[in-house]
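Letters A, B, C and D mark the chains in the order given here, with residues in each chain numbered from 1 onward.
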Amino acid sequence: MDWLLIIVLLPLLAAAAVGFVPGSQLRTIRGITLGASGLALLGALIAFCSFKVGGGLQFETKWTWVESLGLHFHLAADGINIGIILMGAIVAFAAACCADDITHRMKEFHILLNLMIGGILGAFASMDLFFFYFFHELALVPTFIMIGVWGRGANRNYATYKITLYLSLGALLALIGLIGVYVQTGAESFSIPDLIAKVRETPIDEAAQQWIFPLLMFGFGILVSLWPFHTWAPLGYGAAPTATAMLHAGVLKKFGLYGLIRVAIPMAPAGAQNWLGVLAWLALANLLYCGLVAVRQKDLNQLIGNSSVAHMGFIFLGIASLNVIGLTGAVLVMIAHGLLAALAFGLSGHLYRQTGSLDMSRMGGLLRQMPLAGTALLMALLAGCGLPGFANFAGEVTIFFAAWLAGLKTITVIAAWSALVIGGLYMMRAIRNILHGPRGDDWAKASDVNPLIATALGLLLAALMVFGFAPGLLTKGIESEVTKIVRLAKPAADASEAQATEVAVR
Amino acid sequence: MGGQLQFIQLEVMVVALGLFVLLADLFLSESTRRSLGYIAAGALGLVFLLSFRGGYTDLADGEAFGGIYRLDGLALFFKRFFLLTAIFVLVFSVDFASRLRSGVSEYLAFILFALSGMMFVSSANDFSLLFVSIELITVTFYILVSFQRHRMHSLEAGVKYLILGAVSSAFLVYGIALVFGEAGSLKFDVIRDAHAGLLGSNVFLFGMLFVFAGLAFKIAAFPFQVWAPDVYQGAPTPTTTFLAVGSKAAGFVLLIRLFGSVVPELTEQWTGMLMVVAALTILYGNLCALPQRNLKRLLAYSGIANAGYLLMGIVAQSGDGTAAILYYLAGYLFTLVAAFMIINLVTRDGEDEDISYLAGLNKRSPFLAFTLALAAVSLAGIPPLAGFFGKFLLVKSVAAKAFGDAGYFALLAVAVFGVVVSIYYYFGIIRAIYWSKNAPVETPVTIAWPTRIVLGLCVAAILYLGLLPNKPINWANAAAKIEAVAR
Amino acid sequence: MEPLLNHYLLVSGALFAIGLLGVIVRRNLLIIYMSLELMLNAANVALVAMSRFNGNLDGQVMVFFIITVAAAEVSVGLALIVALYRKRQTADVEDLATMKL
Amino acid sequence: MNIAAWLILLLPLFSAVVIGLGAFRSRKVSAAISVGAVVGSFLLTLLLIRAGGELRTSVTWLEFEGLQIDIGLQIDTLSKLMLCVVTGIGGLIHIFSLGYMKEDMDFSRYFAFLSLFVFSMIGIVLADNFVMMFIFWELVGISSYLLIGFWFDKSSAADAAKKAFLTNRVGDFGFLIGILMVWAALGSVGFADLSNALSGETAAVTGLAGFLIFCGAMGKSAQFPLHVWLPDAMEGPTPVSALIHAATMVAAGVYMLCRVFFLIDGTWAMEAIAWIGGLTSLMAALMAVQQDDIKRILAYSTLSQLGYMVMAVGLGSPDAAMFHLSTHASFKALLFLGAGSVIVALHHEQDIWKMGGLRDRMPRTYWTFFIGTMALCGVPLFSGFFSKEAIIDVALQSNLLLFLVAVFVALLTTFYMTRLFIVAFMGEPRSAQAKRAKESPALMTVPLLVLAVPSVLAGYYNAHAPNPLVLCASLVMLVFGMLVANTVYSGAKADPLPARFVWLAKAMRGRFWFDEMYQWLIDRVQENLAKLAEAIDRRVIAGLMVRGTHGTTELAGRVLRLTQTGNLKAYAFWFAIGMAALLVFTLS
């Protein structure tokens, strides 16, 4: 079965379907969105369960789109993206559940929401560079509009402009890099498998790699809020409607990281050798600096936003390690963080609806006031500071091992400090201010989550814990693919790493 | 001679149509005169269809009138392009007729005459034909621009275009004279063979640079762009559309033919200059558009920027680059027609074209709001629309030319910067449509059905060029296969 | 002394430069227009001379085209200037700056 | 047997999950599940001990080339002993809690957390590799956080929980780096593999790695300088203090050191560990002398005893440490539960100066508390005597200075425990609550009685004939301490010490101002760094760089636009200039 095609098409068809429903039929509109994302989730689950580890590309759909340029509509899953697609589908469903806070111009919102979901799933399912980029933009544009029209707060306009310009800049830089890959390989195809096959025979000219890699690194990096291009993220998420923030922070943002792993490293390994050192330091800046900034935040969304930026540091660090452990850990954290960010923004969205403010100094005792939401938030914040049992921990600890193995020792030490202590500090402060202590005065009438949102949050939590208890479900597939990438990037890796282990044992 | 005339059958039909319109004006009553534009548009549609007729396309790659007229893929592409533009502009003119006050039929006729000039330009294979047809366009445009004689803006724009256009013509002519002096002929075929040996001759270079300046004026490239904002703003909106699309495309067909096919060695030598011009054009257009609130002026600046992007295709000096220009222009045609038409409809009762008139448009007419937003998004180069794919092809062609060269990277960097800046102001348009308050006008917009059809066609084309580019790219590639470009 | 091509070119170049200068410095539209004619005629001089020295007539044919086109241009241009004068009672370009920035 | 081992681990988890998902509905069911789970684990532990022998079983959690992380169980003498302590004492404390928490509205939540804690603690005990130990290490940290902050509506409890967690995190940071270093050096994280790797000619890992690993223990076992959280942790319910902060969690650090003793043995880390242990025991004992809160006195006493154990490990005798750990677990749990019984009877009054005369009103509590005190002071034939002797003996063998410290701490221990005992239980009641106090119900006193048994007898399983010198020294200290305390406090209405030793008493009461110092450090360094980062973020990156770029761009647009003067002559002029520029550009 072409599960991926179904998964990607369902939300897009739902967008079209919503377009034909009169705007007054709110229930029908929500039903369509929920149904489509629910079915997509079901499809993703089936695909995930029937996925064969090490079986190469699966669930392929490949249609030629532009013959003369070698563009194909090519969807396929391997060990790396199957997990991300599942995560995306879960978050999409959860976002659809949490989208009921939008009542004004609801029809348009749901069209955009469905487009965004379709774009997100398509971006991660695409094996063709052009569609990879195309679907990302398809998801990005609704994001801008949703923040602009349905956003919140006084900073909305500025936030909309900032996020639009930043992300466009990042996407364009990456696009130039991708075009560079296409032009330089001479494969006359945008298909990633074709390109990889080609560079395996004849790598891209090293001088060109020195251009391609930084273009991709900074282009994709901007999309993922790499320091110092990160300030759009807390601002944008603070202004975004709940569902948008969940989808963007959770899934869409991972696109850049996915691109780094999927394209930048295998295509420009020589460039990577030169630039990954820089990336490692920038990753550290993400972790340490944004962690420190997060400590100072008074607004819950700003805190989640900054901590989410800080968490990106782990993933960058894993990528910068450029070994099997690190890349696997990076993908694992991508998935874990996706679920977590969606959870956190879903909850903050619920809180925002109660009083229209997320000022933490005015909260307090919400664990008593709203036990379900409070417990979920407690778990989310704990997962955010790396508690075992949640998937984040598995990924983060793996990345520490990888970074140490890669010889990034100073960075690992500071990163561990940032993660364990500073991360703990701001999360604990948040728990203390929001959930613990006497109840804030404004919150007397706040109500707990409704069953629909509770389902969404429960689903996210469950996924986090399933992957936390059994990360092997994901890592086996990831590892088998990542190994190929590492081998491509470091042809001598097998020998040298074995040697390293040998030395270590001696 | 009769055999040669069939090469120019389309042009003859267009001129005849123009004369017919002028004559018909005498016999028609005031009320039916309004629909004359639709009749002319319908007739042009027929001509457009005739251009696909086997008997005509069989003439492809042929030459006539001693080789001064060439009918190849490129010419054919542009003839159809201009025909389509003119059809849209004619329909548009009917919408605009009430604001012209007098001489509607003449206005239509002049559009047709300008169109014939453009169609000749696309086949020009000799400097004399080039000059005459380009002047045919320019002179008619002097009239078209200043057609609203009761409006000071229109007259002022006309005078500015007149003087500066004449200056550029003078440069063009002087350049032609110098080139003729060195190459000994006005024929492109002769110059093509001779130019490699003339690269050291300053007179030749001088001449070609003057010719380039004349054409750069047409496309509003830096440093010959200053006229565009004033003229675009002052001219009647259909004229502006025709100027922005048709006249610019006429400049590009000549640039492609001259610099792509006739003097490729010179283009190679001038790559640096072309890159600088392209980069500065992009920068100037986009930066000046930033604080702009008059929509027509905004689109004028954006038009300057787009000329810069299109010049990247010339810089690429390859079939791919040419194809990219064609693709981009095709997308540009539909986007700009839609944008200008809607701006006209929205500001119909207003003093000027201030962006604040867009407020509440999505309530006044969701269709117009959506179409204009789509046009803005396409101009901003965001997938999956025509503008994105065109920019994608342009960037790809430049990257393919020399990836890894710092100069080319600088050009690409400027292009990226320009696109980001442009997203800012295009986004401003979308913002004004969808979420700005205090709408000055709140009555629904009435749209005539032919206008509706044209807008619908534009939307369809913008989406088609963005979503299903397979066939259009093949057409563009086929049209781009002209002599000497296949380097 | 037999006149050489360069002499003709010098004359035409000077004419062109004078014309351009006129366009830039003069304020009256009519005079600017005359300067433009000067620039076109500079090209004519060059073409005729080139034609003579190249030994073919293409250039002279071109001159006819130019003269014709210039006539058309003048008729349109003068009409325009007249219309403007009627509206504003002035032919000074300095007054033509309602659209800017 | 494998199944039994897994069940020991998983029963409490099952309980926690079931109670958690049951969403705290039925109090009775929740309590029954929780108690059943821990008792079940205890019985299974006994089964394993009866079966004897060692057992190893594991499943893979994460696997890479060069890094395999298992969830594996290692059952040997060490872990069996610790399992006994955790599940046995844990079980009694569960039962005690039934009575203690009876009135609480969050009864079920309490038992869910308790089960979660037991699960995590068993995980640490059974872990057969570093990463698994780290995982459960963190889980113990979080369950302790949840339990300390159980009454989270109270700001002090919430703050204490936060403090405990963060202080532990600092230790965990060292632990993690230590694990990474060991892994990098030896290529594995499994204890068995590491031990094999070390068995050859290779020496131990570096002292730094050893010390970093010890940092983890420093946090969990509240060793100087990370000891500050433990006294505050007394904000939690008293059974929690007994379970976590006396018997099990704080002992985890010592247990871990014993588990990885083979790694650190012979490095300079050993010395550091010994000194830190000694210093902690001394400092904590001094602080205990001037506390008035019954639970705090016990908390400092715990610190001090933990210092003993850590010192023993540092001096190369994990056996003595484990010995003291097991005896200490029972009598300290007993003391805490006794204190809990008193606190409940006095309606949550914890100040010993508001007690007094409880001997007659709460006889069972009194007698069991007496046994606990005796054991802690190291009165001969009580369990504490043997284990403490063992440690002092080790100190005597290897480090005279630490021996003196240990002996002095023994004196202080006797002193403050006698003070506590006399002030709280003897004399006349000094408050209305104390007068009305009644003996606690059987649900609470039975665990006390049960715990009293090992408090007396636990020492015999490992009893050795004491070294005469050590015996003399400690007996002298014991008698001296009791006498002094008796003279000072017998019949006293308020503490006379502050009047006599003003500064010393102040320092002791002020806990040597560690909290203030840390607070200062946090304010000065951490907060200022954060402020700096935020300022940079706001001013430099979001301000100067982002808004600056935006502003410059916009300004450039506005300036460039000025060329568009609207003046035709200027346009012609630009045209000419442009032409000239192009000429210069192309022809030069």
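To be clear about the criterion, a contact is a pair of C-beta atoms (placed from the backbone, for glycine too) under 8 Å apart; a residue touches a chain by one contact, two chains touch by 3 or more.
Keep in mind the model is a prediction, meaning the values are calculated, not measured.
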Chain whose mean Cα position lies farthest from chain B: D
Chain nearest the overall Cα centroid: A
Between B-D and A-D, the pair with more C-beta contacts: A-D
For chain A paired with chain D, centre-to-centre distance based on mean C-alpha positions, whole Å: 36
Euclidean distance of C-alpha centroids - chain B vs chain D, Å: 77
Whole-Å gap separating chain C and chain D, where each centre is the average of the chain's CA atoms: 95
Length of the line joining the C-alpha centres of chain A and chain C, rounded to whole Å: 65
Interface hub residues of chain C, defined as touching at least two other chains: 20, 23, 32, 93, 96, 98-100
Where chain A touches two or more other chains at once, by residue number: none
Touching two or more other chains - residues of chain B: 159-160, 163, 167, 229-230
Every chain pair in contact, whichever chains are involved: A-B, A-D, B-C, B-D, C-D
Chain D-touching residues of chain A, taken from the complex the two chains share: 162, 228, 230-231, 235, 289-290, 292-293, 295-296, 324-325, 328, 365, 367-368, 382, 386-389, 393-394, 397-398, 400-401, 404-405, 412-413, 416-417, 420-421, 424-425, 428-429, 431-432, 435-439, 470-472, 475, 479, 497, 501, 504-506
Contact set on chain B toward chain C in their complex: 127-128, 131-132, 135, 139, 142-143, 146, 149, 152-153, 155-160, 162-163, 166-167, 169-170, 173-174, 176-178, 180-181, 184-187, 203, 229-230, 233-234
Sites on chain D touched by chain A in the complex: 60-67, 131, 134-136, 138-139, 142, 149, 152-153, 155, 158-159, 161-162, 165-166, 169-170, 172-173, 176-177, 180-181, 183-187, 197, 202, 526-527, 529-534, 536-537, 541-542, 545-546
Chain A-facing residues of chain B, complex: 377, 382-384, 388, 392, 395-396, 399-400, 403-404, 409, 412, 416, 419-420, 423-424, 427, 430-431, 434-435, 469-470, 473-474, 477
List of chain C residues in touch with chain D within their complex: 20, 23-25, 27, 32, 93-94, 96-101
